[in-house]
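Naming follows writing order (A, B, C and D), and every chain is counted from residue 1.
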Amino acid sequence: MIQILSGVATHAVALLLYPGLAAILAFGGLVELVWMRLSVPEPGWPELSRRRPTPVAGTIAVGAILASVQLAAPYNLVPGEERSIVLAAVGLAFTVWAELALTVEFVAEPGLLLVIQMCWLLAVLGPAVQPESLRPQVLGNVLVPGLLPVKLACAFLYLLCLPALMRLWPLAPPTERRGRRRLDARRVLTWFPYCGLFTTLFFPPQGDDAPGLLRFFGLTVLVAAVVIVAGIVVQRRGAGVVRGTYTRVVTPFAGLVLATVVATSILMK
Amino acid sequence: MLEAGAAFVAWLGMSVVVLADGRRGLALGIVLVTAGLAVIVFQGAGPIAAGALGVGGAAAALRRLTHGPSGWRVMPPGSTPRVVLCVAAGILVLWISFSATTAGDSALRFAILTVLGLSVARVLSSDEPSTLLTAIALLALGIAATVGIGSLSHGLGAVTQSEWPYIAAALVAALAGWLPVRTANVA
Amino acid sequence: MWRESAEVVVFTAFALAFALTFAPAPTQRRSLMFRGGVGLAGTIAIAAVPTFELSLLALLVLGVLHAAVNGKQSFATRLRAPVLAVALLALALVFARAQGSDVLGRFAAVGLVAGLAAGIGLLPYLHPFDPEDPVSASPIAWFAFIGPVLAVVVVAGTHGVLGPDAGGAFGATLVGVGLVNVAWGGVAAWSTENTIAAWRYSFIADWGLALCGFGLTVADGRRAALLVIFSIVLCRLPLYVASRQALREKALTERPVNLVVAAALAGSAPFAGFAARVLLLRGATQMFWPLGLVLAVAMLLWLPGSLRLGRSLGLPRGRRALGVALVLALNVAVGLYPLPLLQAAGQ
Amino acid sequence: MPSAAVLGPVVIPLLAAAVIAAVGLARFDLGRTAGAGGAWGCVAALLALWLPVRSSVELILGQLGYGSALDLRIDGVTFAFGLMIAVPIAVLLTLQPRAWPQTALSLLALAAAMAAVEAGGVVLTAIAGGTVATLAVVMLETEDPRAPRPSWALLLAGWLGVAWVGVILQVVGGTAVYTAVPVAAITGPVFAVLAASAVIASCLFPWRTWLAVLWRRPSLRAAAVTIATVYPLGFYLLIRAYELGDGRYPHPLFNVGLAVLGIAAAFAAAARAQAAATRREFFGEVIPGFGGFALTAIAIGTPLGLVAGLILLATASALVACLALLPDRAGIASVVAVAAAVGLPPGLAFGARVVGVEATFEAGDFLGLIGVASAAAWATWMVAGARAIGLPGGRGRPASETFAGVAMLIATLTLVAGPALAVIQFGMANPVAAEVMQATAGTLTGGRVAVVTVSSVLPVVTLFVPLLLIGVAIYALTDISAIRTQARPAIFRIPAAASLERFRAAVRAASVPDQYRTILNLKQLEAAAAGGSPVFWLAALVALGFAVTR
């Protein structure tokens, strides 16, 4: 019983503090501010919403912290063998759709977004098909030449999907353009899990020491930067081009990635 | 030689039954068939069996003589198909009895096949109760005669030495003529 | 053989007792008692007489008497099928006993199957049918009263007389004729407009299964055929008798009892029909498994027709309700535990 | 424990049904008490038989007459499926008022379903399963003849197929008893018939089947009992098939085929759910969706997949009771039910689906791709669930059969029971794996605290408990008034649905052109056969003679 209680306490700390809620809010808040500053240069700081949070925020928070404790962040209190790529993927998948529960107007192009999410799921789970391992850090540590094409293809597909999943694309629904811009709680809660998961899946795991911590967060910030740049480029292309790109480029590319995964499994068998 | 003749008489009798519509013709047919069958059965099954068939047939003929359409009415107009039927059936049964099947009792087979075949043909092609009951009487006699065929020992093939089938058939033949049948059952 | 035919006679006796007990009007009861008694005596004769010729004579007498019973059809029309049956069986007897080439044995087998089909009233030798006929004057009497004993006597009688080659032809012909009747009866019971005609077709379909069971020359086939005969005589016939009143009043109802009756008529579990189907599939699998597949698919044909027949029962009350309950209970008992029935028949 | 006690779970509801019927015929209705007593008695008997010994108890009486002895057995599989069938029916019979014929029929269906899962052989399972199907149709048809119900032919076809497999095993292997059938008897074709029959019996198809359509009935009383009794039996057969094949299906292609069918069913249900016009329509697709995920997990062929599938089925059986009691109006009960149905973390459905997806990755070869497809189907369910929260309720149902509080309690329990996933696996699912996959069941370790997979550990207690507490705390702070109930467009149109519906309409409307004259008039053919025409009869005789001389 003592062992269980200590386990519960450990996981509670991981969920609430690090790499959980506190780390999410800190990292997410900073990156969101950078994004808002770069994407629409308006004077003053964005205001915080004073109303009670909706179940949407609750659902996104639960999903985000569940995903974040699966990351290979140094000093993560959750042991390595307890982390699972499936928990991370499903946790983040919930965050995309929570707003649809409130009203349809909050989600633009839900059909296209669902397809993009499926492409993202392929990018996250594809690398696990051949190694048959579910630990994110093990997948990140895979350097077998035969598996590198899948890893690279999935990494690129992952990055392609992020701007849409993080709602950085210009297809945002009309309700978001009223009055002074507010801090997007959904995005704040998902910056760290999405970027941290990329770092965990596609880079070797870092040691539980200061340099490891710096390297992990350095890489995660780098991923966030790449996503922000991609977001800005996508914003400038306009809704039509973006919709066409995701429909005629990203989706076929996902098919290619799927073919790569299958071919790799056949060749490595 | 006697059996062959008897078989021919049986065929002749069945032909008369098929061709005649009057009660006299039918009665004559019954007499001829009974005679033919009785002679052949006498050779194989003995006097009691032959006697039973004879009594049954005679009773049926007597009953038929007094009931049914009057007169002979042998080969009424339009009975050409029946003639063809009698001749063709005779030839077919002849071939079956004497070449397709072997062993001794070919005359009995000829008589039985003739009686069974032509009596069911008569039932299928007539609506007159007297004709139908006549055919039924002869069918019963024919069935009894099948007891004498073959030599297998059990099941359908069981050949019993008892004369019960002949007696039962005689009863059926005798009583068939007395069945009260309304011409049209339609209410 | 005689234990099986004796058991079938007991089935018919029970069916007659049911009809007499639960027949709605006293006037019907007297005529039913007389005709049923004669019929029962005839079936006992067919089963009990020592030789096959005497059975044929008994069948001939029954055929003539049944044709003479007043009904919608003429005497001549109703006489044809029974007489043809007797004649064909007698001809088969001649061919079976005669010496000669193997073809004779096969023709004997054809004669037996055709005679059996004509005797029961199955395709290709259907008995003439008029929905207005009383039960005792209609072909139902052949299906469910005389036919069962005739079938058992004829099939049991073939053992030892038809050689392996002819025996195989006999079985195959039975299965072929059975499947034709299954298909025809199953589809017609569903598509025909007249509900009484639908009952008749359902008897034909059941008999198709019985012939298939007899045609499977394995023990399970015979057991299946016996159970199908049981469900004809002690399920379909009593329920048909019980539904006559509602059929006249054209009362269709959809109560639990109607659907349970539909299930019993459709051969659904847990009724005797399902146990028969299990044994039939078992026998077919032993002989030729594709036949099992054909039979399994064919068994689905019962459902649509049975739903309609179940509804045609109306809402039985009082004595009729008790009768229907007894029939269903008996069929559930036999459906779950058919062993005593099969052992009594020496299976 | 005397082996005759095995009859308890079957006889108790049977006796209760008999008493209710007898008293009902005497014009007196015992009401819910007797029905609930019979059902809870069945549950109690099952628990009393299994929990003390947790090993097989078997009763073998004499031969029945179709090659099978009366062989009833309670083992891990029976216990798991017995609970899945009996508990929801007990809850429904306790709460929902019914006329005594419906109560008696429900108890008979429960008794037959218990007999089906207690049967020691395939043939007995077929007979009992066929009885369940019969009673289900009778129940539905008499409750409301005009309302949709399953096709009787479809249900009977499934159970006839099972009966056929049983007799094939009797003929080929000498017995159809699960524990005695020689592995060599389970050939590919035999298993194909068994699997097809199981799929038909539970209607595990991608297109909309009676499972979804039953939820549109005006009253859901008979529908819920039907789904609770008929639906698990197909899965029961697929799990017993492992026992017949000594822990494996005859060929890996069967595993892949059934898993893909499961994914197709789950994804198609999700696609229909996201296009639902009302919340009732959405809930109608929940059980088929669970069935699809459960079939995928079970078909993977590993003990981990099997236990995941069982827990999904257990969750689905709880949701059958929940959805049957849920009123057609907005409110917290409905939102919680949607959350439980979609598998919101850290619920039981969430945990079981995660384990199911993980099992596919660790099953080897390409099965990981099925895991990716599972995740995609689950994502579609998330979309459908989020959209359903704001949908209008539905056509409304009799208030006497709905209990919002109890429905919410059941839904909440499935959400709160996430941390108990390992306990449920240990207590209910592992014995099943030990029974049917004896060789590989040893890999299921982790005790009551965690679910151990090949490459990872799912710490259900230590991770889900704090996550649950955090979630409750967050949701306690939230305000659900922001949810706007509105008619919502479908996220995407199912391309095949419209063409499938057009094809069906075309087939129904197909008719022979007027000028067509058949040369084969069946009516005339029959008239010739019945009219005693000598020519026809002679021709038939000649045809038969010709046939036998070939």
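We take it that a contact is a pair of C-beta atoms (placed from the backbone, for glycine too) under 8 Å apart; a residue touches a chain by one contact, two chains touch by 3 or more.
Here the structure is a predicted model, which is why all the values come from computation and not from measurement.
Peer 1: Based on Cα centres, what is the most central chain?
Peer 2: D
Peer 1: Which of the two pairs, A-D or B-C, is linked by more C-beta contacts?
Peer 2: A-D
Peer 1: Name the chain whose C-alpha centroid is farthest from the C-alpha centroid of subunit C.
Peer 2: Relative to subunit C, the chain with the farthest C-alpha centre is A.
Peer 1: So how far apart, in whole Å, are subunit A and subunit D when each is placed at the average of its C-alpha atoms?
Peer 2: 36
Peer 1: How many angstrom between the C-alpha centroids of subunit C and subunit A?
Peer 2: 73
Peer 1: Any idea how many Å lie between the Cα centroids of subunit B and subunit C?
Peer 2: 31
Peer 1: Roughly how far is subunit A from subunit B, going centre to centre by Cα mean, in whole Å?
Peer 2: Going by mean C-alpha positions, subunit A sits 100 Å from subunit B.
Peer 1: Residue numbers in subunit B touching 2 or more other chains?
Peer 2: 124 - these are the residues of subunit B that touch more than one other chain.
Peer 1: Using the touch rule from the top of the page, what residues of subunit D touch 2 or more other chains?
Peer 2: Counting only residues that touch two or more other chains, subunit D contributes 532, 537.
Peer 1: Taking each residue of subunit C in turn, which ones touch at least two of the other chains?
Peer 2: 80, 84, 88, 103
Peer 1: Drawing the touching chains as a network, do you get a line, a ring, a star, a complete graph or other?
Peer 2: Graph shape here is other: it fits none of the named patterns.
Peer 1: Would you tell me which residues of subunit C are touching subunit B in their complex?
Peer 2: Counting only subunit C, the residues touching subunit B are 50-54, 56-57, 60-61, 64-65, 67-68, 70-76, 78-80, 83-84, 86-88, 90-101, 103-104, 156-161.
Peer 1: Using the touch definition from the top, list the residues of subunit D that touch subunit B in their complex.
Peer 2: It is residues 532, 534, 537 of subunit D that touch subunit B.
Peer 1: Can you tell me which positions in subunit B touch subunit D when the two form their complex?
Peer 2: Residues of subunit B touching subunit D: 121, 124-125.
Peer 1: Once bound in the complex, which stretches of subunit D touch subunit A?
Peer 2: My answer: residues 335, 344-346, 350, 353-354, 357-358, 361-362, 364-366, 368-369, 371-372, 375-376, 378-380, 382-383, 385-387, 389-390, 449-450, 453-459, 461-463, 465-467, 469-471, 474-475, 477-480, 482-484, 486, 488-489, 491-492.
Peer 1: Which residues, counting only subunit C, touch subunit D once they are in their complex?
Peer 2: Interface residues on subunit C, with respect to subunit D: 77, 80-81, 84, 88, 103, 106-107, 109-110, 113-114, 118, 123-129, 169, 172-173, 176-177, 184, 188, 220, 223, 254-256, 259-260, 263, 266, 268-270, 274-275, 277-279, 281-282, 285-286, 289, 292-293, 296, 299-300, 303-304, 307, 335-342.
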